[in-house]
């Protein structure tokens, strides 16, 4: 039996989780305040994922950049590929919150969406 | 061949440039940094010393007292911040009474007006925060404070207005005697001049030794300082020194013309002529000493700490004379150099005038208008100004309430601001309690627009101090 | 210039939530004054996620969170002025402000809500020895450059201070192609949220060195190297523990300071612990009709709490105007902080003026384990809750039932304290 300690990152509470594993399989999770903590622990030890936030350039907008995010979490190992994939994107203004900036980033099935309204200049 | 090259655009070089512009001559100021006021002139106590300190009979004493006398009228003529707040040299042990009396007598002999010794009762009334140990003090009603940047920019702008040229980023690397003058090798090519003035601050020895057998050594003497927020304003009214004596030499605590409080300096001799890094030991020394003459100095309200270098020559004297024919030294200008600057300008220009037999410049205009600060206007005039020029309605620096209009003015001056520090020293954007946290990106934007360059080319203080190193994701 | 009944100084999360709540409480004559060129305040540069779990039950980024409040304010038709700097607030609530279009103008509102936010503690205030080259930024300034303008302020980075903005910027700089070498923290604990240490530092293998500080900055023109050292219990560097990092950038995340210059000029009483106004249960300052909320009042850890607090301030301001701007005399119970509780907001409660509940927010001065937060009315314990961990980086909230206070008429004060669990 193996024991691992994690900090839940679901919310600012940051619950300290204790996970017991057997043969790489999660047996118990304790220390969590809510069910999301247990789900996080299981995922973190098998297939850790993160939401990625970044920026892309905007053309003709009132601002030079628009912030973006992955619409949901993607595998941790793909974070840098994801950032690279949006490196050369330049969105024409206006940009609206929720607008898909790049569909299915790096084959994750997750879209990159805008998180900021950028009206056209002038 | 130009008539006169002045090496160094500090307060001495600019004062000389301004005074010499009263005459008909081609004058060029060479400065190794990107702006005027980048060396000793930018980091000092911002004090106009009354002139009791320097040894009677010395050139230092003479020019200090003269400079101090010239300063009030000059501040009006050239529109820079000056305040005659008075100064006190505080004695904290009765044992030091003879030293205080000696200082008084030296001051009287130097011609300092209104000097008197005030005893504790009166001292406490003048300065409620004076140390409990304070016994008496030498009061100099002519002591004053000045904005060292304001003074230097004013002199430079007025000189430029009267025809003096300024060339920045130009370091003099060699000097050679040629027919009728000197050839200077610089990082921007050769320059020939009939007369060279050496106002190179901590580097004045290097230049002097290129033309004279009589070697000179300037030691950079570092001074560490704390600058406190406006919230500390009123803690002291006079500039307060501690009389060196039984408990050693203290540091000064003084108001500044902009409503801050300055505390320092240390006096640490170093080798590096660029060594303006503060040290933990230096800052600790200021912390430990500032309470000797003034109590409860609110160091918690520090907004910045910094260090400056004084151009110290072992003989502690100003060296103003022809070191070689047509090569005029203005060296060893350590404290009270700022106070003496107006008199130094007059003296050196006199020497140069005699060498070149210069004629008066009939078009000389002694007046300079400072950068308009709308805070000084009444509400109606302020409103009118914004209507005329809406840039005065946009506040860029929140801490010091500096508008876009003022920043644009600073950039368009001659010589104008070309860097974030250049803007800061001219209009105080970024000089306040957040130290440019909010306004520096905006100042960079305005500089880029006004100078017609990309924002990535904007520097803190000249080439090599770029503030931006690239764009997002360019290195992944 | 037409007059308004309520002027809100600041159009960030606090100002927006206060405006919407005041409007919902029936006050229609509101003006928001914002110094930046858009509403939303600092949230606009906080492009990371983690906002809104309390308010919207979903995880949003800063601009999205701000976007919802901006939309609400626009839908309610609440007027606002951008690029408008308030220059002065007088004790009689006269607001002097300035912008390009209106020039210099004065307003004489019945009520004012202070929502100016906070600023970062700069290098100068930290008295870090060394050179003063380019390449030293507060984390928030770097955040603005990267997230709003798309500029990289550096490539090899050392961060001093483990406040949340510093942690977030460690990840942001890394994702934009910079190498973040180390985060040094003076205190023996981080000032940021634990989740941020995990997902901003641990995820990218960035070391966090607790009880460390910067002892030297090298570089004449641009930062060339930073030396950090371990500190002793008195926060003094320990000789021999120095580590030198070659880098071009130092980011500082060493604390936030409420921006109360206007409050000070108006004569609003300030709490020396929070650097924010002292307020009662209605979030009203020492000047009747002047309310405060958000980071100008005390630095929050979560924007959700800012919105909640500002909503309350908006409702109280609306009630103040609706009642003809009269403040009735009520008995006030001052709140005393004990055993590690550093401050509370509010500093006093008037049970007769409070609604059904009063929200108390506070921070502790150290890391505590297995404690109990207890609140006393006089000598009677009226609230107690176990807390396995308390840390200075996290704000604590206690919701008190007002009838528990009115049930102890003999009490002449309230005490908030930590006890052994």
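We call the chains A, B and C, going by the order they appear; numbering starts again at 1 in every chain.
Convention: a residue touches a chain if its C-beta (ideal position, glycine included) is under 8 Å from a C-beta of that chain, and two chains touch if they have at least 3 such contacts.
All values derive from a computational prediction rather than experimental measurement.
Colleague: Going by C-alpha centres, which chain would you call the most central?
Modeller: C
Colleague: Determine which of the two chain pairs, B-C or A-B, is joined by the larger number of C-beta pairs in contact.
Modeller: The greater number of contacts lies at B-C.
Colleague: When the centre of a chain is set as the mean of its C-alpha atoms, what distance in Å lies between chain A and chain C?
Modeller: 26
Colleague: I'd like the Å distance between the centres of chain B and chain C, where a centre is the mean of that chain's Cα atoms.
Modeller: 39
Colleague: I'd like the Å distance between the centres of chain A and chain B, where a centre is the mean of that chain's Cα atoms.
Modeller: That pair's centroid distance is 53 Å.
Colleague: Provide the list of chain A residues touching at least two other chains, using ranges where the numbers run on.
Modeller: Correct list: 54-55, 65, 80, 83.
Colleague: List, in ascending order, every residue of chain B touching at least 2 other chains.
Modeller: 472-473, 476
Colleague: Spell out, as numbers or ranges, the residues of chain C touching 2 or more other chains.
Modeller: Expected reply: 146, 149-150, 176.
Colleague: For chain C, which residues count as touching chain A in their complex?
Modeller: 44, 47-50, 53, 59-64, 67, 146-150, 175-176, 193-195, 197-199, 203, 301-302, 389, 394
Colleague: In their shared complex, at which residues does chain A touch chain B?
Modeller: Spelled out, the residues of chain A in touch with chain B are 54-55, 65, 80, 83-84, 87.
Colleague: Inside the complex, what are the residues of chain C that reach chain B?
Modeller: Touch residues, chain C against chain B: 35, 83, 85, 87, 98-105, 119-120, 122-125, 127, 129-135, 138, 140-141, 144-146, 149-155, 176-178, 215-218, 220-222, 237, 248, 261.
Colleague: Once bound in the complex, which stretches of chain B touch chain C?
Modeller: 226-227, 274, 276-280, 282-283, 302-306, 379, 382-383, 386-387, 390-391, 393-395, 398-399, 401, 433-438, 440-441, 455-456, 459-476
Colleague: Would you pull the chain B residues touching chain A in the complex into a rising list?
Modeller: Residues 472-473, 476.
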